[in-house]
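Below you'll find the structures, each written out as structure tokens.
There are two complexes below, and they share chain A, which is joined by chain B in the first and by chain C in the second.
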Partner chain A sequence: MDLFLEALVNGASLGMAYALAAIGLTIIWGVMEIINFAHGDYLMLAMYISFFSFSLLGIHPLFSIPITFGVLAVLGALTYLTIIKGVLKSNVLLSQIVVTFGISIFLQNGTLFVFSPNFRAIANIPWLTGSISIGGIFLPKTLFIVALVSLITCLALFYFIHRTTTGKTILAMAMDREMVQLVGVNADRVELIAFSLGIATLGIAGSCLMMVTYVSPRVGFLYGLIAFTAVALGGFGSIPGTIIAGVIIGVTEIFTALYIGPEYKYVAIFVVYLLILIWRPKKGLLGW
Partner chain B sequence: MKRLTSPKIMLMGLVLVILLLYPFFLKSSFAQHVMIMVFMYASLGLAWDVIGGHANLFSFGQAAFFGVGAYTSTMLYMKLGLTPWVGMFAGGGMAVLLGLMIGFPTSNLRGHYFAIASLALLVVMEALFTNWTFIGGAKGISIPVVNDRPWLDMQFHQTKTGYYFIIMGLLLITMITTWLILRSWIGFYLRALREAPDVAASLGANNLLYRLIAIAISAFFTGWVGSFHAQYVLYLDPPSVMGIDLSVRIVLIAIFGGSGTLWGPVLGAAILAPLMELSRVWLGGLGYGLDHMLLGLLIVILCLIEPNGVIKLIAQPVNWVMNIAKVKKGVLEGGTP
Partner chain C sequence: MRQRNLLAGIIGIVFASAFSLSSISVAAEKVIKVGFVLPLTGGLAETGRYMRAGAEFAVDIINNKYPDLNLPLAKTEGIPSLNNAKIEIILADSQGDPNVARAEVERLIENAGVVAILGGWTSAEIKTGSAAAERLKTPYVSGGGSSTDLTRRGFKYFFRLCPHLGTNAESFFDFIGDLNKMYNVGLKTVAVLYENTEYGSVTFEETKRVVGERGYKVVAQIPFPKDTTSLLSEVMKLKASNPEIFVHAGYVSDSILLTKAMENQNFLPKVWSGLTGYDNPTFIPSVGKTANGACLRGFFSPRLRKDVVQKVNQLYAKKYGTEINMESAMPFNAPFVLADAINRAKSLDKEAITKALEATNIPGDQTIMPWDSIRFTPYTTPPGHTHDNVSSRVLMFQIQDGKQEIIWPFPLATAKPIFPLKPYDKR
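== the complex of A and B ==
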């Protein structure tokens, strides 16, 4: 029973990090209805930034969050201005899918070229080694911090989207684009903010994931796919849905690894996803 | 009936003759390999376009059909000694079965939901094949080299000319079949369901039926080419025949050339396949990934210049030439259908 609870807590903590990685995708999707297939690759970039700030400059991964957040915000803004804006204007669905795949291939192989395909991980993170015990359930300190940071970020984003003017404009754009433009909102600017914010959240997620796992140029694809799954599972455009879905995915992953076998953990994630997709094909858990 | 002397027919005839003579003049194995890759990706792109371009289902799971085709013919060949010529049809058939198994549960999904579902299915398939020891698991399978009867075993070791003609034949059959199907009532139903699904359904078009037909056609030809690829490389493991990279390449080639047209995927393959092979050879030595980096950049640039694919870029000059040849305007506009 203890093992069961421990797996549940560990899975839920990991799931919070997945949820954080997926929230950016849900914001971007909500506002401009574009699937960013390069999402995971931006996350991979953030993980590299976090890794090298630790190994070269000695910055603790927790404190590299502002750096990764800032760098990714700028990267997101640049991507939007140079590529996404033009492709959105063309209004051809296929090219919108393909262009982000082009970005993904470029980033993935660019990092492969610069950093080599080696796996990199931060071994002993200062004052985060060992684990804590909550009522007899052990949780690694890193995973606890990751869950905490993710939770705070998710709440902050939720507050931003639902309580501030800019956030409400983003939400309104997702609901009725023409109407928002009709009342005089500069749609391009809102899209720029949403895209930049969506990519910047990956900065936080990247620093968090760097504390618990490794990075290589190929990890982007897998995390990207998990993020898509979380978004589709939770319902496109729904932040609470995405968080719940992220936790479901994390728990599924850990339970499968524990009770069936680690080689099947991704199979289980996608099977759960497909089942929910068949059950509620248009909405996911909480979509509208 | 078009006149046989029309410039379009003459141009196609000329290209065919050049392609038939190609392996006799360019004997180097690399030159032939590049063309084999062009034909292979053109067939795969065409097969993708049946569901991607005409039924609007952006399948990222094509590699699953490809892998199933490759594994089926190889297992039949190795365990039962069945010739790959029969194995190819069995491979295509197994891919159709898989396609139908995927098609039923995803019948309600559209657009991005289908795209992500197909991507997830591919990852599941790859993981299952990697852990299935009967078919070699992660180690993969090496097909034993047999020398005495090249045509029966579909193995050519002295020169690649045999492979060249086989895959060229497969491409021609794929092209003619998809062309005939897509200009028949099936194609019209598919495009009606693509443009206005609810209207078409209310007029009695069976969405599920035509979707399954499209998936079956696409799966068959993809699995078929997968069987050929197994014989060509003589080695298969899950990442190489079922990997996500293959799926992405297929989708990119079709869309890069121009989706929804007959010549688009062929054109995409004719441009991208040599580019991938050449950049791999030229830039591969400079370090990992540089060749694919340029590929990614090229795709982004093309999407910004002409989102409808290369075929729209060249349609204008081609039409101009055709007009000079005194042909009715717009013969090649986007190709048929």
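== the complex of A and C ==
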């Protein structure tokens, strides 16, 4: 029973980490319908910034969150203004896919060239080594903190999207862009904010993941894939959906590894994804 | 008429000598193209970087005069028996993918016209690459690649220098046996965590074979997907099985994840042994003190007490800013073996080179590896081993205070083994 509970707690926490990596994509893909293949690679950039903040300036990854958030927000804005905006106006889906795929290749190989392919991790994260024990169940301290930050971020984002005017405008744009423009809103500006915000959340995710794993030019690939799965599974545009989907993915991963075999964990994730889509093909879990 | 014939004759002679002169000068300038397949991009790009340094450094030594180095052809320039023709390495990116490796080997042989192939890191890519080379009747000298299957295919053109996973497993349990005697303990239970492609799977099979032969017991066998995002659940499983001996067959990325997960869950068996990845220069800085006590099987150390090793290491460190490591050392050997064979063959004919490779007999003091010689087993039909290096051997290291010490074989050791390991919560 202990092992079962430990697996559940660890799986849910891991799932919250995945949700944090996916939440920005909920806005960008779910609301704005932009397929950003470079999502995982922006995450990788954030991880590098957090890593170097620690190794060169001694800044704890938790405290580098404002730095990574800010830098990624700027990067997101630049990406939108120079590339995404033009591609959206062309209204050709293939262009979007190809362009963001190109950004992904550029970022991966650019970091490969600048930072070398070396794997880098932070040894002995200050204050967060070891695990906490809740009634005999071990949960790594780092994963606990990441799950907490993820929850706070998701709640904050939910509040922003559903309770603030700007957030509601973003939702409105997803429903009917032309109508939003007709009532006098600068749609381009709102899109810029939404895209930048989506990329900026990867800053938070990057600093958090740097406490848990290593960074290398290719580390974004699998997290990006999991993010796409979480958003599609949870339902496009639904933040609670993404959280639930992330947790489902994390728990499926841990339980499959423990009770069936670790070599099947990613197979199981995609089987669960397919089953849920067969059940609710248009909306995922909580999509609208 | 006579004058015309005479003139034609003179012109003919002039052309003929011009041609033969130019072909002599072409021969003198001739460059020997050798293909080198390695992962320059993808998940193993970091390893590829070191491999490239090792191979290019070796070719530099062969092509130029290094009178102080006791390595084959170091004291001369190029290949003496072929008018000092120089070796030119043509790199090809396998991306760590076996299908790409195969395609690149074919391209190197058919389009680039190389006389031989070197390289490959993962056994999976060496398997496919060497199968292509075999089909195209081209010698392939592999400095790495530890899957036992590689030399059990009855291939005529494939030669492997390093120990394979069977030798590896036997050496490891020789070490455990010696440890049991030295400390008077009866270590018996074994758990194996392995990445689920060729290298990991074969490590497990060979470990299981030796465990069965020598009376140990496997209490957990855990395959995991390469490039996994976490090893949390795998370590939970390991902890539940409570092994005394833990063997991990993976690469540097999962070695980092594993070490963190082991510390988080306070899992530390009496003997912890990794294979590839633990000696990567980024491993210890990424995990710090947590790695202390980890054993690893290695093929090489820059601290080996051999004259040629110290000299090569100094030159390498000067050129590349870091000591030579296993990922550079293993590809370093193959160019010498190939160049030595070409020199003895006195020809670029692939059959002649292959025959010369079979007759290779390089003494142990002319290699940086801890081997007594480089000699290949003869050709034999499967499932026997063809063209393995008879004298290859594995060393056991242990990370002590952030440094790798050679702990076995005991006569070659630079430090005593730390045993048993202190649990994380008691450090």
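Keep this in mind: the second predicted complex is superposed on the first by the 286 of 288 C-alpha atoms of A that agree within 3 Å, B and C clash if a C-alpha of one lies under 4 Å from a C-alpha of the other, contacts with A are read in each partner's own complex, and residues count from 1 in each chain.
Just so we're on the same page, a residue touches a chain if its C-beta (ideal position, glycine included) is under 8 Å from a C-beta of that chain, and two chains touch if they have at least 3 such contacts.
Since the model is a prediction, treat every value here as computed from it, not as a measurement.
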Combined model on chain A: chain C and chain B, fit or clash: clash
Contacts of A:Ala232 with chain B and chain C, given as first, second, both or neither: first
Touched partner set for A:Tyr266, first chain B, second chain C, both or neither: both
Partner chain(s) touched by A:Ile254 [first = chain B, second = chain C, both, neither]: second
Which superposed partner A:Pro117 touches (first chain B, second chain C, both, neither): both
Partner chain(s) touched by A:Ile97 [first = chain B, second = chain C, both, neither]: first
First (chain B), second (chain C), both or neither touched by A:Phe144: neither
Which superposed partner A:Ala7 touches (first chain B, second chain C, both, neither): second
Touching partner for A:Pro217 - first (chain B), second (chain C), both, neither: both
Contacts of A:Phe160 with chain B and chain C, given as first, second, both or neither: neither
When the two complexes are fitted on chain A, the stretch of chain B hitting chain C, from 45-53, 135-143, 207-215 or 243-251: 135-143
Chain B and chain C contact sites that coincide on chain A, given as residue numbers: 109, 112, 116-117, 217, 263, 266
Of all residues in chain B, those that touch chain A in their complex: 52, 58, 105-106, 108-109, 111-113, 115-117, 119-121, 123-124, 127-128, 130-131, 244, 248, 251-252, 255-256, 259, 287-293, 295-300, 303-304, 307-308
Touch list for chain A against partner chain C, complex: 3, 6-7, 10-11, 14, 109, 112, 116-124, 129-131, 138, 140-143, 212-214, 216-218, 222-223, 226, 253-255, 257-258, 261-263, 265-266
Touch list for chain C against partner chain A, complex: 41-43, 45-46, 48-49, 196, 222-225, 227-230, 232-234, 236-237, 240, 252-253, 256-257, 260-261, 263-266, 280, 282-283, 285-290, 424-425
Contacting residues of chain A [partner chain B, same complex]: 35, 83, 86-87, 90, 92-95, 97-99, 101-113, 116-117, 217, 221, 225, 228-229, 232, 236, 263-264, 266-267, 270-271, 273-274, 277-278, 281-282
